[in-house]
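You will see chain A twice below: alongside chain B first, and alongside chain C after that.
Coming up: the complex of A and B.
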């Protein structure tokens, strides 16, 4: 049993689940495995998937950014307002990205310089950025974007020779970069170190504060980029775009086995989590399952995803421990005394 | 135990009263901000503090105050309950569904709400304490599940005030000596919880758990049972708030109180209850809730452009937690300097 839990990791389980959902969908539902449907399904998760990448890095480092969906809304509103004012899109995009990075730096600054917990800070900036979005655009909706731009985000236009829409292709590139950074570089290892033991990481010479600010900046930048994708995909810039999306992003990342306490997780797991929620939603929609039930399924999946590994390890621990623990005994001691089974 | 010390320890009384003062100051600063805000608004518009104005302020804040009290009990144990908003919405709808077209009394409705809330709280609490799963993940999952159940059940329908019995509605509209029931109920729950946390052994143990779960466990505190209790309480309060929501508004849609979880957590954080557990007082959280509501009302009275209101709320929120943190750091270093001497 212990060997089983050693080799079966949660992100593997999520990937198997993902494949199972795909096969079940292909076998039971007409049109699910069609390339056009898969393009649409992938395109629908584009923003969540993009934001989930820096979120994974943040959660691995023991932080969280709840302001991402508000930044998406602010970026969308800003793009709409500037477009209304006659700016060209080539100018709007860098301005939006700059605002996103600045918002992220503000988050990082408050977290590192003032020493506030990121959960508290980003609840504050969640309100602030959403508020700024409504200041920028009010309750207007800007929808007269030219087709030439909107097409880039639509699922109907794909990378030639594949069924991958452009936003998803971008996501794949970003995901590969992020995976390499997280798992193959010293920087990535330092994120795990910060998440596992911040003080130890600091004394080991890792520039904790600088890294945290950088992570929040990237998170804001990507969120504002996702805002532009969102705006073009729906052809509508509104201040309330993407409201509540932050919880879906976090749910996806946590579903992928990234530990909220920091220090544990893989990018592959997070991506599998995003795709699982996306594909499952698409499959349920095709089967006329109501949106409400989809929400319930997401919630149950999330709870199961954190509960199952603990139940498995608890069961295996009980089996491998010959006699009952006496009350008051320290678990650490038992771990030392237990003969190694491997 | 008789140990002789080289140096006499500082008199415990003076140290404790100083610490007390520091802690009191943390909540007092929020109270001060609240008073200042009310004063400034009143100077610009005297209508803000007439009978109706005060009544509105109290009514608008009472449900948030209630939820903030429940949430802070959970946050003190270094956990979080993100499902409170959806539990409030579900119980409000369930209570409305149950009493529609009947002549059930307010007591029945409140009991129903409490029961439903406790069940939700116990589920989250059991998963957190016995499943040893991170609270944020569990309660985020619960948020989705409860919200989905609520919407699937309501299915676009809504509860209308016409169908709600007068006995229930009077709970939301009635008053004693000119003070509406709702704020009185919130104040009673607040006082009871504050007294419990301050004076009961099991209440103090919640702080111990939040400061150091491991130390609390080794000290023999039944950590899991206490955390389960905190969640049951938070759930009960959310259910109670749902029943009061029905009584206050009469009309309930499926997504009532959706998204409130973050407002409640904001109130708790602004009120000086550290998200990292172990410190804070429920009446600070209640003040935080009152401050957030007052900011909203004041911005309306001051005729601030409605588009600006949320942004200003965000800035004030950040300012509040930043100031609180700076004061905390200053006082800690001051205390350290003092004890070094």
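Coming up: the complex of A and C.
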């Protein structure tokens, strides 16, 4: 596509930026590179990071799930209500996960069977799941979860010998699995195919609907799991937990170079995006930079991440002949009409 | 279709494994859920079976009431949200007071009042080794872990305006006793309404500790026989957001045509409610009362929309919080009941039960006295 993007990919840029932020922080700010600070900063991004994994898969496949934060809230509210009702914690977790997966299947069903765009569907379920959360728990806040579990979510308990808190360690394991699935399996390749050209993928024999439903189900499942982590970490189950979190997740994924139009991106980039937003926020807070400025910085980074690759490709396209296409790219005029049966 | 074959992605996707992985993933998820369900049968941790070992961290320190107030202390104010005008007044007064006794103060905080937004700030303040964190908690429990962590590092914690769980701070500066605030709100509006008619409450966020405590006392007060002709029809939540509060007011008046009064125990809510009513046909028919600041409410008092409202002096609250934090950091007090400290020209204060220090009774503002206040 372009000479420049052949050598420098956006996810590499983000990774370099991440390292730069870390080094700048360690060099300029007292306490930033302390293990206790890094543990806390990492733990603060735990839920965002977890949800970002299935979100990356969805965005690569040209879909998006805006209902994740509401599912997190619903899971939290449900956990609180059941805990209050005297259920065992060990039973609450699988029930919440089931509800999460079911919510995801509903998203997937609406997208594939009714044929609505995922953006519209999940804006609807965003409101629906948050509403259900309020029905389940009302305006109560349930605390007093068992210390034995709460401690696992706190940043003060880390994997021995490291500064990695357990929720983050779990994220690392999941991230490796997701990376392998996305980049080393046929399933992963079919996600790219669906994202690049859904109709082509369909005609190539990929079971587009089934895969989409599975993706949404996993997204709901992970969001409800993140709801449990969130509840334990803050020791407070509430219906309004995690409001607005979906935007941070999507921003992180896009910042990591995953194309919102689908078909392009790497999991490494998405993870770097999550860590960049997390560490940058921590560094700015340590330097008493106001929240407003932080939001502006994140916004500018996001715009840059979406704009830069396009500007580069627009500039180089003007220089190169229009016939040159990189693998995985189809010229726009070949976009097929979506068959009504798919 | 020619281009389709030329697309290597599509060709790769034709490989047989591509088609079978979808269901496999689903099967995996199902297995995981089933496994954890099975696991759940084995043991059981319920609400009643756990005994959380969260006794307050006894510092073992003894209070020395004669210790001098230390200089050069670093105090950090962490409000519910950074743009809350009421808390800005409190914090600025606290910061000014800190300067007055030779220390420094600053205000940091999130731009939204979410339960968890304050947590990362507490962590960074601990990292910055502040001498004291003064917090108006959005959620009494969500901030607990990091505050305990801060106290372990010998950082003093003072809650003000909205309390945290009791063992997560040393002192809570209460603007007035919650019971007093709650009951007087009902008493005031009842007098205005001659003890009859429907009323509604326009609160801040659903989980604001202070709001909910006041509302529970309001409900309790309403049970008295004197209020038998009054009815609380709804508690609405404006989320301390001007526009949302404005819309909630509109909604309340539409939904309850017989509504006679609105109590809004939050400065953002009462101003928004007054703004809506002042420009509508309800002006003069629906009573607005609650807690507000004189500067925000002045024009509605003058144009007759609002006859009276109440509040304490937020400047005094900030000042008292600042002195309490300094007294803690200087070792004059530890937060135990009965300890005394001096809060500059505010006079002497005594720590009450559960580390609570009460500023004083609320002031009622009306046409006659409002011009004497500027905040």
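To be clear about the criterion, the second predicted complex is superposed on the first by the 308 of 342 C-alpha atoms of A that agree within 3 Å, B and C clash if a C-alpha of one lies under 4 Å from a C-alpha of the other, contacts with A are read in each partner's own complex, and residues count from 1 in each chain.
To be clear about the criterion, a contact is a pair of C-beta atoms (placed from the backbone, for glycine too) under 8 Å apart; a residue touches a chain by one contact, two chains touch by 3 or more.
Worth saying up front: this structure is predicted, and the values here are computed from it rather than measured.
> If you count the residues of chain A that each partner touches, which comes out higher, chain B or chain C?
C
> With the two structures laid over each other on chain A, which partner does A:254 touch: chain B (first), chain C (second), both, or neither?
first
> Could you tell me if A:114 is touching chain B, chain C, both of them or neither one (first, second, both, neither)?
Touch status of A:114: first partner only.
> A:290 in the overlay: touching chain B, chain C, both, or neither? Say first, second, both or neither.
both
> Taking the superposition on A as described, I'd like to know which of chain B and chain C A:129 touches: first, second, both or neither.
Only chain B; A:129 stays clear of chain C.
> Going by the contact rule set out at the top, does A:211 touch chain B (first), chain C (second), both, or neither?
second
> A:236 in the overlay: touching chain B, chain C, both, or neither? Say first, second, both or neither.
second
> Report, in rising order, the residues of chain A that make contact with chain B in one complex and with chain C in the other.
The answer is residues 139, 244, 290-292, 295, 330 of chain A.
> Mind listing the chain B positions that touch chain A in their complex?
For this pair, the touching residues of chain B are 80, 127, 131-134, 136-138, 140-149, 151-152, 155, 218, 259, 262, 265-266, 269, 274-276, 307-315, 317-318, 321-322, 325-326, 329.
> If you look only at chain C, which of its residues touch chain A in the complex?
It comes out as residues 1, 3-4, 7-19, 21-26, 29, 32-33, 36-37, 39-40, 42-48, 50, 52-54, 82, 106, 108-112, 114-116, 119-121, 123-124, 127-129, 139-142, 144-146, 149, 165, 205-207, 212, 237.
> Could you please specify the touching residues of chain A with respect to chain B in the complex?
So the residues of chain A touching chain B come out as 66, 110, 114-117, 119-121, 123-132, 134-135, 138-139, 244, 247, 250-251, 254, 259-261, 290-303, 305-307, 310-311, 330.
> Once bound in the complex, which stretches of chain A touch chain C?
Result: residues 30-32, 34, 36-37, 40-41, 44, 83-84, 86-91, 93-94, 97-98, 101, 139, 141, 143-144, 146-150, 154-156, 181, 185-187, 189-190, 192-193, 196-197, 200-201, 203-207, 210-211, 214, 217-218, 221, 230, 233-236, 238-244, 263, 281-282, 285-286, 288, 290-292, 295, 327-328, 330-331, 334 of chain A touch chain C.
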